[in-house]
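The following blocks contain the structures, represented as structure tokens.
What follows is a pair of complexes built around chain A, which joins chain B in one and chain C in the other.
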Partner chain A sequence: MYNKGTIIPGLIIFVLIVTFPIWFNGLKAGTLPKPELPPGGEKKCVMPVEYMRANHMQLLNQWRDDVLRNNDRIVVMVEGKKYRKGLQMACMKCHSNKEKFCDNCHTYTAVKPYCWDCHLTPKEAASKEETH
Partner chain B sequence: MDKQRRKFLKIAGVTALAGIGAPALIRLTSSTALASEHGAAESHAAEAVHGAPVPAAPPGVRLGMVIDMRKFSEQPEMLDNAIAACNDAHNIPQFDNRKSEIKWIWKAPFENVFPTESSYHLAKNVEKADFAVLCNHCDDPPCVRACPTQATFKVKANGIVAMDYHRCIGCRFCMAACPYGARSFNWQDPRPYIKKYNKDFPSRMRGVVEKCNFCGERLALGQEPACVEACKGTGAMVFGDLNDAQSEIRQVLDKEFTIQRNAELGTKPSVFYIV
Partner chain C sequence: MKYAFSFLAVIALILIAGLGSQIPGMQYFFGVAIPYLAIMLFVGGFVYRVMQWAKSPVPFSIPTTCGQGASLDFIKQDKLDCPTKTSEVVARMFLEIFLFRSLFRNTKSEIHNGPKVTYESSKWLWLFGLLFHYSFLLIVIRHMRLFIDPVPYWLSAIEGADSLLQIGAPTLYLSDVALLGGLLLLFGRRLVNRQVRYISLNNDYFPLVLIFAIGVTGILMRYFLRTNIDIINIKTLAMGLVTFSPVINVKIGAIFYIHLFLVSTLLAYFPFSKLMHMGGVFMSPTRNMANDSRAKRHINPWNDPTIKPHSYAGYEDEFREFMVDAGIPVEKELSAVQDEA
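Entry: the complex of A and B
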């Protein structure tokens, strides 16, 4: 092999640079996010936890199409309590802290959903409360 | 060899003749059917205002509104209340400059609301009146046809021309298509200009078009639209199903003479005015 002396150290340096994010964090994925459980103590969601963890975005899209397009605004009943389909009207009623619930995982996985461009977080809504 | 060529020429000639003659023959034999079709089209055209055939009104619920301007000229502050109720219900921002204005229901003078009606020697009260204008929720909405992403569409269940802001790309084709100016564009983030939030309704973001939704979210709760509720008891705004002969709105329409905005465009508006 020609130029062994430069190629092999070069390759080693290259691999080290490429894998920098992995070994720099000590071969760990960082502290896993722990989204806050509903502060009100609700135990049951509209769907099982595993389903919600994996598919909440599909469910939200389904609700969006139901409400806006199919005129299907029926309420969802969870443990005898009624909720109107919607991010602001159902989800955030229990998971009332967007920063501690939504952002927790979204920041960790570096996803930036655009829900809150239009939808109001409970905090934002409370900042200009309707007085009547 | 010679014989074959002669045969080929004969067949080619007959085929060519048949090809040329066939359309003429079909036209001749089906002339009676064509004539009756033409007649039907003409009788349809007679019904239409500008020549296009008018299909029957679609079945099912078709929500509409009657605005009685006589009541509004008696109590002009009622319209302000109706507009304020809408603004509160839908998180509508209030801008100082008219370019950025967001309008779901707003005021306009007679000659702007009914540009094709003569405003020559108008009655004094009509001349001075502020008309309540909003989206007409047309049966044949031009905005829906113009939208390239189906962000605006007609809800089949009730005839509301609704919007899905998630899909709107802000191209503003719908604004160009709407003959009523019922659509507004968010030139800037509306949030800082919303006075108080209705926490059950979202705001919009910069770069989307918005309009009146006939309070679809309130109807689902069994309530009337916010503007109608604001003038409750006066009959200034009557809301209901245009296809239901027993509905309050039909009682009013059967009794009173009403006009629609730019009816000659064939959009078939669902908002009627008693002037």
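Entry: the complex of A and C
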């Protein structure tokens, strides 16, 4: 074998890069996220659970476009209760804790939705009302 | 129609994974066994290929020199294109690996009426290659969010930059567009350019089609076929794989298994194909040697140490009498040698 001095370190660096997740995690798989169910005990959402798990971001995006761009804030009915279309007006009425519900999975999968660039979490909204 | 086989092969792979993963109990085969096998083949095969190259002697000093070599003081040396020092070689290799400098110099030769030959700069391969390689690198780095927990800040920052335009939900990645665009252009180049088309083989088309299919299945999974694609379940499986404790206890959509199977195919195919240029670019003697063969003697490793150098003077000493007999002129006459003795 020729040029051992450069090839062996090069191969070691290659193997370290490829196995990065193995040594970075230290064989700890981390804790699975458990989003908090609505504290109020509501059982039904606007769509079935499986749909919401997979497609909630697309639904929210659709609502955003409907409300802000098409001026279409129709009322959503769930189990006889009326909600106005919107993240704060509908979703957060039941899933009232953003940190325990939204962030739980989003942190685990490193998803950073930009909802909260404009929206207020219920906690923030409450503190705003007090100051005004 | 050389490329037809590549399409058929990729379609067959998609069918195998798409149908196979729906058979009860086969999820472990496609989700755990195949990925482990593929990564072992990738790392093992890669190291094996590099070791084979490392064992191959370089008989001659063969750097490609593309500029003025080191000469007299008043002649300016082209240090990047004709390096003589290790630092210059490193600079040349850096530009080659990160900016594909040799592709930048590509020319197209054409015959015009006259007849006259022209050499025109042709940078398409360089541009498409750069587009493809960097978006692919970005995509691989981005996928690490599924393999590490907690996700470090720099990784989120890369992902944020890649989805900067905030198009749709989930947000569109710019590297996805660039990857597919780059692949289409590289594929199109092989079809449109007659000379390149003539020398293109199945093993040129197959990786392009395979990586294209990987990109398309990934995009379908992220934006369109979202049934049973819960990112939590997918990250749980990925984390299980890298911590050697994989579990699959939920249904994951077929598109995920197709994507994973195609990636596994790419990994397994990698060390035994032209894709080994990833390691080969470091090992190429035409790039990684300094053009210093006049200052430093390059010893051919093949040389048999029992064969000693034989100078002309020694040769003449050995055969002088026969040479004089045959009338061949000699530097030292027979009489001069006898006088010395």
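Operating definition for what follows: the second predicted complex is superposed on the first by the 105 of 132 C-alpha atoms of A that agree within 3 Å, B and C clash if a C-alpha of one lies under 4 Å from a C-alpha of the other, contacts with A are read in each partner's own complex, and residues count from 1 in each chain.
Note that a residue touches a chain if its C-beta (ideal position, glycine included) is under 8 Å from a C-beta of that chain, and two chains touch if they have at least 3 such contacts.
On a predicted model such as this, the values are computed, not experimentally measured, just so you know.
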Practice problem: Decide which partner touches more residues of chain A, taking chain B and chain C as the two options. | Solution: C
Exercise. Considering only the touch criterion stated at the top, classify A:V49 as touching first (chain B), second (chain C), both, or neither.
Key: neither
Practice problem: Look at A:C118 in the shared chain and tell me whether it touches chain B only, chain C only, both, or neither; answer first, second, both or neither. | Solution: first
Exercise. Answer with first, second, both or neither: which of chain B and chain C does A:K28 touch in the superposed model?
Key: second
Quiz item: Does the superposition put A:C105 against chain B (first), chain C (second), both, or neither?
Solution: second
Quiz item: Of the partners chain B and chain C, which touch A:I17 in the superposed model: first, second, both, neither?
Solution: neither
Quiz item: Which chain A residues come up in both lists, the one for chain B and the one for chain C?
Solution: 114
Quiz item: For chain A, which residues are in contact with chain C within the complex?
Solution: 1-4, 7, 10-11, 14-15, 18-22, 24-25, 27-30, 32-33, 50, 53-55, 57-58, 60-61, 105, 107-114
Quiz prompt | Residues of chain B that touch chain A when the two form their complex | solution = 88, 91, 153, 155-158, 162-166, 191, 194-205, 216-217, 220
Self-check item: For the chain C and chain A complex, residues of the former touching the latter
Solution: 39, 42-43, 46-47, 50-51, 54-58, 144-151, 155-156, 159-160, 166, 168-170, 226-232, 235-236, 239-240, 242-245, 279, 282-283, 301
Quiz item: chain B touches which residues of chain A in the complex?
Solution: 64, 68-71, 73, 84, 88-89, 114, 117-120, 122, 124-131
